[in-house]
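All chains are identified by letter, namely A, B and C, in their written order; residue positions are counted from 1 within each chain.
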Amino acid sequence: MNAATLAWGALPVVRRRMLVAWSVALVLGVGVLQLAAYTARVLPRPKPFEELAYYPSGRALRPAALGHDESMADLAWLRAVQYYGEHRQTDVRFSRMEHVFDVLTTLAPGFEGPYVFGAFALAQEGRDFPAAERLMLRAIERNPRSGRLAFELGFLYFVRPGGRDLTKAAEYFERAGRLPGGPPQATRFAAYTRQHAGDLAVALLLWDEVRLTSPNPLLREMAEREIKELQHALRTGRRDLTVRRLTTPAVLLK
Amino acid sequence: MNAQSPSHQPLTAASGIRPDPYRSAAPAQLACREAAVRIVGLTKTYMNPWTLKRTCGLDALDLEVHRGEVFGYLGPNGAGKTTTMKILAGLLKRTSGRAYLLGTSIDDVRSRTSLGFLPEQPYFYDSLTGLEYLEFVARLSGMQAQPASRAARHWLGKVGLGQRERLVLRKYSKGMLQRLGLAAAMVHEPELLILDEPMSGLDPFGRRDVRDLILEQREQGTTVLFSSHILPDVEALCDRVAILLGGRLERVATVGELVEGAAPTIEVSVAGFPLVEVPGAFAGTLRRREAGGTSAFIVEDPARLQEVLGWLLSHGVTVTSVTPQRPSLEQLFLAAAESSAFQAQGVRRQG
Amino acid sequence: MNALLIAQNTFREVVRDRVLAGIVIGGIVLLAFTKVAAPLAMGEDLRLTVDLGLSSISWLGLLVILTVGAALVNKEIERRTIFNLLSRPLPRPLYLVGKWLGLTAALAAVAALLGGALGLLLAVTGHASYAMAITQAVYLAGLELAVITSLAVMFSALSTPVLSALYTLGFFLAGQWCDDLRQVATRLPSGSREAVETIANLLPNLSLFNMRALASGGDPTSALHLLLATGYAALYCGCVLALAAAAFESRDFR
């Protein structure tokens, strides 16, 4: 009889039984982990995003969410982002992207993140600007009071692949500056964009607003400088003075 | 009979010297062949999980119940009766000590093969019928389907529920549940019955039936260990009784010893309200009681009964009855508690 | 043998409970509803029926587990019905196994009933080819319910009905997101990655039992998937029940 047997014999029966049960649990637990790892290797990876892509349209899905549309959209959103990352690294194909974001945004019309993300993913990587524009316009339509969405749409026009759309960008930047939730730099962006679109009078007004409202002294100084230049340009009629620094090859001047 | 037998030896617990329960025990095999229940140094402490405060449920209990006897387990609430029974039935885990049922250690589930246990105020599954329940528990105790079904029917009839075979237990009254509990404890014909308050919740008829059942079991040689609050039941049934107080065994004795041990009194009932005064000579021996429109004299010292009667008759009092009074269970508990307190003091002084 | 007796009794108890009847009726009403709601689904009504029919098995099963399963053992302790069982030659682990087996069998019956109703509905509407996929999906749902039941039995042996229902629900939700957790882990720095992976591996991998995406198109899954899922469920239930037994062994019933 060795020491282990002796120690075992000295244990109360209840402790012995507990020890046996713990050991069984341990052995089976290791089995569970092994099998889980094996399963992850052998079975095809679940494709949550594709799952989502095969869902019926958002409108058909809504009744199934039983009032928890928002939570369901949240879950869909998490999966969408994850899968986006995966496809980005592999085939960069987002064929069903628009449908997916449509599902998402129908379930939760006030959920702003997916519009912005979807639009930029569509425009930048999907190289489908019209789809992105449609998504953002729908976002604005559903959330007319959202400064953030207006700003993002302005920004989408501003960085439009193949050529900026400064007029529309400026229009939405201005709108963002007036709406709640719009970023503080919206007015500044608007002024800047107007200026380079050639709308000097509007730009002047916008810069003035920046000068009066910006909490940042450096920005206020900058606004003052720009106002002086703009006033000079308007007086002399030499528009090119204010636009020159900012011309980039692709800028569309209207 | 070995030296551990509680009935012949002064109790280790009561004498205040607690031997090592493991060392003083005789070899298990030897003693177990005779004892239906053997308990050695059984201790149970409860720990409050929040305050970590320990309370003692049972303190180094040594006890032996012989095969074929009916053993009464007495004590006030919280004395440790239920704790002992539940440890034996495998519902509580002991802190230390050992116990054997019919020679098998209670650690072994097989010790419960021939055990019938009736918990205090038994409850059952609402949606089963009495018959289904008895079949179920009979099979759990190891019976095959056919005999279990037969036994279930037999016992349902035996406890007076034969007409209610198909009634779901939800609709049973409290007394019916108690009867079903008894049937469940006996349905597999166990050699040992442990009954926790089998008479509680029963009307006088029910109590008589239970008493008859227990006596019948004794006739068949079944060992019965039961707890009770009701002394007449205990007296009518038990061969021996144990008194438990505060988790400690105070006394093991035959019922006769127990009752004799307590100071008896005699009640002398008289007619009307006699105009006599208890003389000084009877001080401390005789007192008068007026209650419920009758008058009686209580003789505290039975030896002076003749004297008292002579005095009463000489004063023209009409004696209607002379009744020896049995001590109540409370008086027995109190007497035991007093002697225990006395001994505890002695131990303290020694320490 | 004794475990089977306990299982049989538990099954009888659960089946006679009104909760279960209500839930089965609720499931069938839900199925009927999908047919009534067909015009709303815009041509996706078949998908809606299959999706909702299969989801209802899981959700209603979960409901049974949370209402009945979470109180399975602690109710017996509280109502002292357990006294009359454990005072017989019944090892405590077998009692737990019996309780688990009984409820699992009842749930399997519910799953089979609802799955059968779904299959019948599909066959009547001319989609008998879905039978294989539906059968497999119902089988996997049954395995999933068995795993959740084992957790409920463990918690109910250690805790109050309300708390064990909460714990069980928590594990169910976490188990649904197990795969996502694993994906998140791959992007974490090592150290926290291993920690998150371990947690993900300890949670029940419930997405393994989910082939609803396939089934809604009528596609059966692979035999390997069924085999792995069966093995995983068996190991996981065994492990959880062993843990429960270890904790239950020293328990006092006052």
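The rule is short, and it goes like this: a residue touches a chain if its C-beta (ideal position, glycine included) is under 8 Å from a C-beta of that chain, and two chains touch if they have at least 3 such contacts.
Worth saying up front: this structure is predicted, and the values here are computed from it rather than measured.
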(request) Average the C-alpha coordinates of each chain, average all protein C-alpha coordinates together, and give the chain whose average is closest to the overall one. (result) C
(request) Considering only mean CA positions as chain centres, point out the chain farthest from subunit C. (result) B
(request) Averaged over CA atoms, how far is the centre of subunit B from the centre of subunit C? Could you give it in whole Å? (result) 48
(request) Express in whole angstrom the distance between the two chain centres, defined as the mean CA positions of subunit A and subunit C. (result) 37
(message) Report the inter-centroid distance (CA atoms only) between subunit A and subunit B in whole Å.
(response) 77
(message) Can you pull out the residues of subunit A that are in contact with at least two other chains?
(response) 14
(message) Multi-chain contacts only, two chains or more: what residues does subunit B have there?
(response) 93
(message) Show the residues in subunit C shared as contacts by 2 or more other chains, in ascending order.
(response) 250
(request) Would you tell me which residues of subunit C are touching subunit A in their complex? (result) 37, 40-42, 44, 47-48, 51-52, 93, 179-180, 182-183, 201-202, 205, 207-208, 210, 213, 216-217, 222, 224-225, 228, 231-232, 235-236, 238-240, 242-243, 245-246, 249-250
(request) Provide the residue numbers of subunit B that touch subunit C in the complex, in ascending order. (result) 46, 86, 89-93, 109-113, 115, 117, 119, 121-125, 127-128, 132, 136-137, 139-142, 181, 184
(request) Write out the stretch or stretches of subunit A touching subunit C in their complex. (result) 14, 17-18, 21-22, 24-25, 28-29, 31-33, 35-40, 42-43, 46, 48, 50-51, 54, 56-57, 59-60, 63-64, 78-79, 82
(request) Going by the contact rule at the top, pick out the subunit C residues touching subunit B in the complex. (result) 2, 5-6, 9, 12-13, 16-17, 79-91, 250-254
